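The chains carry the letters A, B, C, D and E, assigned in the order they are written, with residues numbered from 1 in each.
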Amino acid sequence: ASTAAQAATIKIALAETPSDELAAFFVALDRAKANGLDYEWTAFADEELAIQSVLGGQMDIGFGTPYAAMQRSKAPIRIIYQLSKLKFFPVTTMKYNDLKDLDGEPIMLHSRGGGTDSIANVIESKLGIKLGERSYVPGSQNRVVAMIAGQAEATILDLSNKNKIIAQAGDKFHALPMFDVDASDEALFGNVDWIKDNSDQVDIFVKALLSVYRDMAKDPTIIRRETNPDGPIGQLPPEVLAELDGFYADAVAGGLYDTNGGGRKAAKADMEWYSGAGQLDGTVDTLNIEDFWYLAPLDAAMQ
Amino acid sequence: MFILGYKLPAMSSLILWALLWEAIGRLELTFFVPAFSTVIMTLIELVQTKVFQKALSETAYAFSVGIGASVLIGIPTGILMGKSRLLDEMLLPWVNIFISAPLTALVPVLMVLFGFGTKTIIITTALFAIWIIILNARAGVMQINRSLVEMARSFGAGPFTAFYKIYFWAALPEILGGVRIGVIRAVKGVIIGQLLVSIVGFGALFELYSSNFLMAHFWAVLLVLFTLAFAIAEFLSFLERKVAFYATKR
Amino acid sequence: MSAVIVFSAWEIAGRVPISYSFPTFLESMAALAVITLDGSIFVAYAETLKPLVTGIAISGVLGVGIGLWVGLSEKFEWLFAPIFIVMQAAPLAALIPLLVMIYGIGLTSKVFVVCIMAMPVIVLNTASAVRNTPVSLKEMARSFLANDHEVLLKVIIPAASPIIFSGLRLGVSAGFIGAILSELKITPTGVGDIITFSRSIADYPTMYAAIFSIILLAVLFLNLLEKLENYLFEGNNRGYISD
Amino acid sequence: MAISQTSAQPLASTADIAVSVRNISKKYNQTEALRNLSLDFPKGELTSLLGPSGCGKTTLLKIIAGLLDANSGTVQVGGQTISGPGPDRAFVFQDFALMPWANVIRNVAFGLELRGIAKSEREAIAEKYIASVGLTGFEKSFPHELSGGMRQRVGLARALSVNAQVLLLDEPFSAVDEQTRRKFQEDLLALVQNESKTFIFVTHSIEEAVYVSDQIAILLPRPSRVSEIIRPSSFRGKSVDNIRRDPEYLDIVDQIWASLRSYVE
Amino acid sequence: MAISQTSAQPLASTADIAVSVRNISKKYNQTEALRNLSLDFPKGELTSLLGPSGCGKTTLLKIIAGLLDANSGTVQVGGQTISGPGPDRAFVFQDFALMPWANVIRNVAFGLELRGIAKSEREAIAEKYIASVGLTGFEKSFPHELSGGMRQRVGLARALSVNAQVLLLDEPFSAVDEQTRRKFQEDLLALVQNESKTFIFVTHSIEEAVYVSDQIAILLPRPSRVSEIIRPSSFRGKSVDNIRRDPEYLDIVDQIWASLRSYVE
């Protein structure tokens, strides 16, 4: 059994280094490990590379939202679990109190055609406003720095950077209330053939994820408690670990995580979102869920 | 550098710069630059952690292999390019292309050819170090006094013997200058290598600390790198000084 | 000749394909033709060339100047060499937030990125070359009454020129990379914008077309640099020992 | 008559010819250095090349050494057409060609080093030749710490130490004082006499050529050919101090001088 | 008597002394090159320095040129103690010191360039001196394309072109042929005669020294001092070809030879 288990070691391609945002994921991995899952992970510099490594077969399970890749490469890559929703926070100086106030105002975004750009588009269309000049500064940290240095008054940040800027300069900046988006920010995906060949393992993994997400929804502090002190998260600097509870409390409250692993609802939202953002050709009606999601493991876990 | 007749160690000006850093940090102009002393304290804590030690050993390994490869490949390549028109005309366009290609353009190729582990990091490190080594060795060799080469040939030196008994030594001052700069560049190269495809080693620490705004930690890691760069630069200048006796008398 | 090898290697690599984000040479050239014909590449270069040209001019002139100074004066070396070592060793990504902090997200920051990329190697190489000036020539110049300034200009620089130019070669191409990098990391404008945008919509041929164009430009510039070197210091070019 | 003059005909049977140069031409870009030059160097003799500055003496020597390729023509050493340098020939360079990074003993021993002689042995040999050129005490000095004449002597010692059959000497005594020069001349003559080595010797001193040579080849200005070959009757037996007033000696010097001068003016 | 010998006493009033060297000592690390050397060089005369290889002639010349600092002692040029190079002195280097990146005309014009002469003017002057050393046609050649003797002539032309009052020549004719050497000797003598320039001349040829010099200083081996000063009666009037058989001339040569040899052996 041991040789079989070793042969089936799941290789996971992360799209970023382990940090607070991945704590829940690693807790799930540990739970899965207790149930007999053997895994190893590699952190890639960006999502592109993580997707490519799965496409190329060097990695089994990837981390990201590979919609464009799935459509373009026609590779049998499918999403199996939604890890987090697209939650971005419009952060502004105290000058603005509502998204509507941003009408006609300049805003700083990640890059043209990138995720924050599409969020800005959606904000415009949902609220019927027109944002002012868009300047682009890639990298959340750089936007935080630019904000603190006073070079911009409004930007869009992810949860963790939003928390950081508020922690650094809460007196000057705040996050504006934002409507909910169900589309995925991060999802787990893999090669369908591989998933089918290793369905036992995948099932254990998805089950573990689901259980962690559900437990976390009840009590966000389990993440901090269950984190393996010798694992990649446990080794993070104490300053980061100290903020885990706060982060997950916020995240759960903010609806970052779906307790049902996304599934069909997420798939629909994604197709809508990513075709809107220009990464997918076609519309929700013409796109086929089966081309993007492989739902069997999630369905099995939900039972 | 002499002050009042005392010879100051070569890098002693760093103390001055550290003081300046401390002052800027103390002024708390920006959270981005913590005081030097804070960074040192953090560093002391940091070096005791397993994560740091692992990162250090990974980084040092990739760094030294990358440097070793660049030196072993770069010096002969540069010498041969400086010596032979055919090779130079074949290789120089490649060198020009490679030095002007942004690394991001090569990522897909690197990843497929070398995977996403240590090999890619080593290659990246070498890509940072090797060009200046090649170019300087080439320039050094093109200036060699022809009589020396003829002399060696007339006493029966084969191409290989001439290579390491004449070309290498005659161009050594230039070669060492190139190696010194190449090694300093490689310090940056190894970090970029660790960030380029998969994130490991010091690259991972960088990424982590900067994305979490742990500036003291961030600067502590940078400080380790700078120390590495200075130590190596100083060692190679020491070697350069050893050949200085003939560098100006050729 | 070499170009043919490079391009066919690229074409083959693209055909294999080694990666779905790596287009073939022909696809990229087609994309290049498209952006050239619709003129967007010229608009982009108008934007990119600003920090590029300014940065390279500053790095070239200041780099050689400071390099000479560092190479000639021990005091100056003692004080300033560490800065260039730091500049050379520090990963740029680490410095960008600092730059953004101090110089904002405009042209100044980008020029700085170009300089940080280009200058250290020019300075350090020039400095080490200067120390190797043949003493007999310096003596000769002094005996014919050259003042320090003339010794520098007429003996030290020509004698050091091969090594100075090898540093310039690397520095200038690093400057080209720096210009793109600054547009990728600070604010996407010009060619950097073409790269990020086509990357985000997975239009890889266009992305590689843009990268190709900048490499092409850099290589052309390097050849120009070589011509300049041969023109200025003709006699230094003693040809190859092989012929 | 003290002079036997030949018009470039082989003097002796080929067996006695150490180096034979046939119809050599050499062009550097625009400069035509040698044109169709033929010359034989008998074994165990010292041949001097006399010719105006820049006429191609160094070029000819380098071609014989196998360091330069002629545009046309062949060089035979010991009956074999050469295609490159060989252990049978040693070169003393006009510009000394010392390795600036090596000290005197290493420079002198370099020829032996390339022949794979063990360090202790080659240093012993080098030591001997360093002494014979009067540089004892400077073994550990570097070339830049030597005077011009001392450097030249290092180059000479290096060439002598490899014990080659043919020695190609390009103005080997130009920078040494008269006293040293005479001692070296005696040393060369002893080598010719006792070990029947063949010397090809470039000099600008007619007196020296007449005194030491078995045969003197006078070269024309660029493009160079052999204008005449003179075989001075040997003055070697006579003491150096006496020949200066020897009318026969003075006649030859005058004759050579006249013929050199004729085409320079 | 053809020889007037003095023991380093001033010959003429100080007004007539162009260069005066007093109690110069120079040590390189362990090597003591000059010890307490004093010597006067009268204005409008040609003084030769004769001495064994490595005795310190180049060192002395460089000290006079202001390129090297002596450990003790002073040098006066035109009555002024010097502290560095000056426009009154020009140097011909033993190792030529040509700039490899500059072609012949630029090398020759370099001294004038440093004096701020306009390009067209200095090239015209350089052209003239290039012709006078017989290098016409090689103006655009680079040093590595020249023969040894041609390089030496470039260095000579450069020093002559700046028109300095004192010329310091370190073995300036060592690599040129006899014919050229004689022409140059005549040229120097003309400069001494017509423009009353002062020459300090290092050579290893006793004959040359006797023929061209007003005064010959014979130096002892390292550490060098002046052993004697010889003022040969002028042979300049006589034709070069004749003096070779002139017994008076031969006597002086022999005498110098004897005294050089005495302390070498």
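The working rule: a residue touches a chain if its C-beta (ideal position, glycine included) is under 8 Å from a C-beta of that chain, and two chains touch if they have at least 3 such contacts.
On a predicted model such as this, the values are computed, not experimentally measured, just so you know.
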| item | value |
| --- | --- |
| Chain hops separating chain D from chain C, counting only touching neighbours | 2 |
| Chains most often in contact, by C-beta pairs | B-C |
| For chain A paired with chain D, centre-to-centre distance based on mean C-alpha positions, whole Å | 84 |
| Between chain B and chain D, centroid-to-centroid distance (C-alpha), Å | 49 |
| Interface hub residues of chain C, defined as touching at least two other chains | 19, 21, 97, 101, 136, 184, 236, 238 |
| Touching two or more other chains - residue numbers and ranges from chain B | 30, 32, 108, 111-112, 146, 195, 210, 249-250 |
| Where chain A touches two or more other chains, by residue | 52, 56, 141, 145, 148-149 |
| Chain-to-chain touches, reported pairwise for every pair that qualifies | A-B, A-C, B-C, B-D, C-E, D-E |
| Touch list for chain E against partner chain D, complex | 28-29, 31, 50-58, 94-95, 145-150, 153, 170-171, 174-181, 204-206, 241, 244-245, 250, 253-254, 257, 260-261, 264 |
| Residues of chain C that touch chain A when the two form their complex | 19-21, 96-97, 100-102, 104-105, 184-188, 193, 196-197, 199-202 |
| Chain C residues within the chain B interface of the complex | 1-3, 6, 13, 18-19, 21-22, 74-75, 77-79, 82-83, 85-86, 88-94, 97-98, 101, 120-121, 124-125, 128-129, 131-136, 162-163, 165-167, 169-170, 173-174, 176-177, 180-181, 184, 208, 211, 214-215, 218-219, 222-223, 236-243 |
| Chain C contact footprint on chain B (complex, rising order) | 1-2, 8, 10-14, 16-17, 30, 32-33, 82-86, 88-90, 93-94, 96-97, 99-105, 108-109, 111-113, 131-132, 135-136, 138-144, 146, 149, 173-174, 177-178, 180-181, 184-185, 187-188, 191-192, 195, 206, 210, 218, 222, 225-226, 228-230, 233, 240, 244, 247-250 |
| Residue ranges of chain C touching chain E (in the complex, touch as defined) | 136-137, 139-146, 150, 154-155, 158-159, 161, 233-236, 238 |
